[in-house]
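Questions regarding the structure given below will be posed in turn.
Letters A, B, C and D mark the chains in the order given here, with residues in each chain numbered from 1 onward.
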């Protein structure tokens, strides 16, 4: 108890987060619920930053507060805004509440068995994780331990995680797109300028986003490339790149974006990223090592073995970035246009 | 190349899927052979590795992803992610990959017909599902298992949603239940992780039984992981999603999901139960053990009784799955040698049985377009081979010797007798009898109601089997039911008995 | 004196192979039936190669594949098995001839299926005869149940389907619900399912458990027709005559009682039974009740086939009663009663079918006087009923002699009276039919006028089996040698 | 009591997770279910991150500072990276699931013109 430097803020944030979460669930207006949920995610980022998990916070800001919220918006845009408060199913809700209460109590029964919050000698903090902290420089020359563990020590998880994003994209494509295949996509005419005046369209937003997008993209590239030394990496960069395109979609119009990024391009690039990652792994096998053992790529990548790992991590991150970027765009366009790929939010 | 076999098992279908999704934009016809190729590699590697295990002194084959650490060092296997094949999952891997391959071959025609114009990503998702299931079976890391679980789950949601109509809601419900299960599993992993600090299954199996027997957090983690696995496998009372999800899905998706998805979850449960924790640990909490046994009895009975009220063959098959899940969970939780043997054997046997059943349904749907029992009159005269396969499969489900269903039942009953769990014995027998009643019904409708060809203006009854690409896999799987039965002793002594941990004698 | 030999396997397997060939040759009836006879002759030839060895006291064993630890799909040929196999294969031939005579003229489309299933049924009957352990026996027992289902529902009308449903329900329910758990309990307790001379149990097994197991096995093998699980037998009489004769005389019911003989001698052991009066009492009481009740019901039946069916139920209980005596001569009588009753009852069933074919009469009350019009059929019927009643010079006399002898050796001496009473009842329900058939005035003119001997293909088999009834009397000593061999292994100490 | 304060975060995390779980089970509205699912997942992520947190520790990016050098870092002053990696994966999986859930919900809405579970059920059994 003696040293509780900054953790009081955490408690405050935690209570706030809880309130936001409950509010999001209690709101009848779904749009409002989505916005509150976005705020909830954002607060969550703050908590994680205070706990020292900058990469997680970064991802949450991009994914949770960013694209997740936009996905919910896109869905609501296509359907309707209000949750009808009829037929409350009170008995069932109470029953579910009871189940949750019992589960919660069961979870808390282990409370006394837990290590104290922030204890550096707890099993979690003292079993394997010291290995990563002590050896990351020796093994890979990458100071950002998260990047090392992500792309190298537990690189297989990351490959699969990329695959998950890819699956989500093609799954959503198959769920939504298929019906629209019958109603033929009307290819946009050659339009050089943004579409004609639309009362919901705002000139200010359009111009502002036009200015912002290049900077976002440069930042995103930086995030990917500089992931070795600062928070960030393929995921975060990919999501930001995706978000920049999504911003274009929102402020302009889907057709405007689809002229550049056709359906085919998006879907192909989505799978290409996974392919890059998997191929790097396969290259290791061909070079005589285990799968994803970047060390053996030493002959074809500059530098010694540790640098080979570092460079391979970059390659891998690029793959992740491509897949994540185009998956996010693909998912968004499908959700927003209800699978028709013509117009939407 | 031989040392890379474990990773090839997963990479085959994974890369196959990625390539297939690429080719689908250029040469849509090429996706299918690409996927088949990937699955074939996987199946071949799995079979090879099973033989390697059987004919070598090794108990377990490790594969270190990223090549982290050498076997002498402490951090070996812990720092990176390890995948490993041992006697327990070798069989499961071979079963899953082979059934995946056969089902892929089987599905071509039915996909062409049912999903005309929409099959762009079907086989990619199909292949990804298989790789997810294989991953769950092969991984040696409990967090990696979660990721594979999600890969399998996400692709299965899409595969089910291909069914259109009511399948969307069914898939949504499955998504909610599946995500809940996966989240509870992850939370359970967290509770275990808090006390152990490691994620490697082998490492955990050294730590937990020795030093953390009485830790409440580890116990809570155990219960959470179990509930998570049960939600995924549709164990009573978390079974509500399964019948709709599997029966509204397209035939091809059903034929892949039904036999494999639930069985692999059973495997995950077994792995956590007998490797990470230990049988000791299970026996230590008799109240939970008896509750689970009671639940599995109820599960068997519920599945059986609902199956008899259904008039649709596919729904019947879905409720069968629920009762079979009861067999496996019950057998595992009997926590004695014959019970566990029965449970593991039944995972393999039931995968084959369910696969055969759903393939047969697929053949019937392809030719007649329906699965209502009443409308299948005279099926024997129209599709004799399919009908005979159906009879053999039903016989296996009932447990008629010498099919595999008989031997799993034999072990399970033996285990229940040893444990003195009579309600489980009775439930097993009742479910057999109920399946027998359904078999009579099928025979009476399909065989004894001789169709009258004159009514349709034909001279003779036209025999029209499903196309060969569907019929051959169906027959292979059906024959395997008998073969597995005949080679029970070989399977049990060479694999299953060795997969069992040491079981404390009471 | 055990010797490994693949012949037992081939003997079992030949008719299954024949079934496949039969199914393939459906278009060529002559070829199809030639295959049946060829298979039967091959089978008989192979069986006779084993005869001398078995009579010298050899046991031929063969394990095809191990199914469970210690338990394989294995065969063992001993006296009893060989005797039973001989009976079923020998009788297969006349039944086939008869079937050709009955079915060919009808242009029945499903004949191929009929013959194929028939072959599989014979295969599994021989499989049961040669089983070396309970599991193998159970497997063949179940295959027999399933393969005879298409035979029972051969006509595929509502009545047949109903009978078939009853047939399978009774047989599967009891075998899965009682015999299977009993078998697993035995395996769980002893770790073995082999049939061995002294049984597999040791002294520690509690009496209660043994009693429960005995009851489970007795009712579990419902093919033996013990009450209250007998109803499938009369229900299955909707089948055509050759099927009924197979079902009720040779394969199915005899497999039931044979299984029970095997279990009582090989699993429990004669010694154990003889030393545990409560077990024998249970067996005897159940069998005695069935015996008397079935005979009384048979008296009230007017339908000839139903009367024969109830008579079968009664006769099966003779065998079980003989086993329940747990004495050497009791078991010998039981064993001998299998061929004796088989040959007698098959004659009767074939006659019943022939009478129906000859004049369309199903009911006994219609049959007055027709014996004069169809003398061959009725003479065969007379000989068959003598055999079943147990009067010399027919085989039934021999087996009843041994059975009665057995009661005196046993502690269950009250069964002597049961045997006598039931023999009177047997006579009471058979003799009037023959008597009225020959000597009474015709009761049903239509039937009487129509009656004429059926085709030679049907009459000849009946006469063959009827002659068989006499032959088994004169050559009973030869049959007894097989039984003696069996007793040497399983009931030596008595 | 002191222990309770020490572990106060866990209590809040559990409450957060159970709120999400309740919403997944009991809410009628499909979108609300999805949001509940996301909240449940963030609860779990928070749980993992808090077990990996260390008092007075720095972010897991090594720098040449007074306390530790590149080659010999002070382990106790760097937050646990492992839990963070795991949770990065979990976040991405979470958004993937959310996307698929929303797509399915959208399809269901298209057919039934409602997000209300009871209404949809009524529609389908009709």
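As a working rule, contacts are C-beta pairs under 8 Å (C-beta built on N, C-alpha and C of every residue); 3 or more make two chains touch, one makes a residue touch a chain.
Model, not experiment: these values are computed from the prediction.
Asks: Please identify the chain lying most centrally, where each chain is represented by the average of its Cα atoms.
Replies: If one averages C-alpha positions chain by chain, the most central is B.
Asks: Contact counts by the stated rule: is the higher one at B-C or A-B?
Replies: A-B
Asks: Per the centroid of Cα atoms for each chain, what is the distance between subunit B and subunit C, given in Å?
Replies: 43
Asks: Roughly how far is subunit A from subunit B, centre to centre by C-alpha average, rounded to an integer in Å?
Replies: 31
Asks: Between subunit C and subunit D, what is the separation of their C-alpha centroids in Å?
Replies: 70
Asks: So, what's the distance in Å between the C-alpha centres of subunit D and subunit B?
Replies: That gives a centre separation of 29 Å.
Asks: Please list all residues of subunit B that touch 2 or more other chains.
Replies: In subunit B, residues 143, 147, 150, 154, 157-158, 161, 168, 187, 193-194 touch at least two other chains, as defined above.
Asks: Quick check on subunit A: which residues sit in contact with 2+ other chains?
Replies: 107, 112, 114-115, 122, 124-125, 128-129, 132, 154, 157, 161, 164, 167-168, 171-172, 175
Asks: Multi-chain contacts in subunit D: which residues touch at least two other chains?
Replies: Only 17, 21, 51, 83, 86, 89, 93, 96-97, 100, 104-105, 107 qualify.
Asks: Quick check of your reading of the touch definition: is the inter-chain graph here a line, ring, star, complete or other?
Replies: Other.
Asks: Could you run through all the chain pairs that touch each other?
Replies: A-B, A-D, B-C, B-D
Asks: Can you tell me which positions in subunit B touch subunit D when the two form their complex?
Replies: Going through subunit B, the ones touching subunit D are 143, 147, 150, 153-154, 157-158, 161, 165-166, 168-169, 171-172, 175-176, 179-180, 183, 186-187, 190, 193-194.
Asks: For a test of understanding, state which residues of subunit B touch subunit C in their complex under the given definition.
Replies: Residue positions touching the partner: 338, 395, 398-402, 406-407, 409-410, 413-414, 417-418, 425, 429, 432-433, 436-437, 440, 443-444, 447-448, 450, 485-490, 492-493.
Asks: Considering the complex alone, what residue numbers of subunit B touch subunit A?
Replies: Where subunit B meets subunit A, its residues are 4, 7, 11, 14-15, 18-19, 21-22, 25, 63-68, 75, 78-81, 117-118, 120-122, 124-125, 128, 135, 143-144, 147-148, 150-151, 154-155, 157-158, 161-162, 168, 187, 191, 193-198, 215-217, 219-220, 223-224.
Asks: Write out the stretch or stretches of subunit A touching subunit B in their complex.
Replies: Residues 106-107, 109-110, 112-115, 122-129, 131-132, 152-157, 160-161, 163-164, 166-168, 170-175, 178, 181-182, 264, 267-268, 270-272, 274-275, 278, 281-282, 284-285, 289-296 of subunit A touch subunit B in their complex.
Asks: Tell me, which parts of subunit C touch subunit B in their complex?
Replies: 65-69, 71-73, 135, 138-139, 142-143, 146, 149-150, 153, 156, 160-161, 164-165, 168-169, 172-173, 176-177, 180-181, 184-185, 187-188
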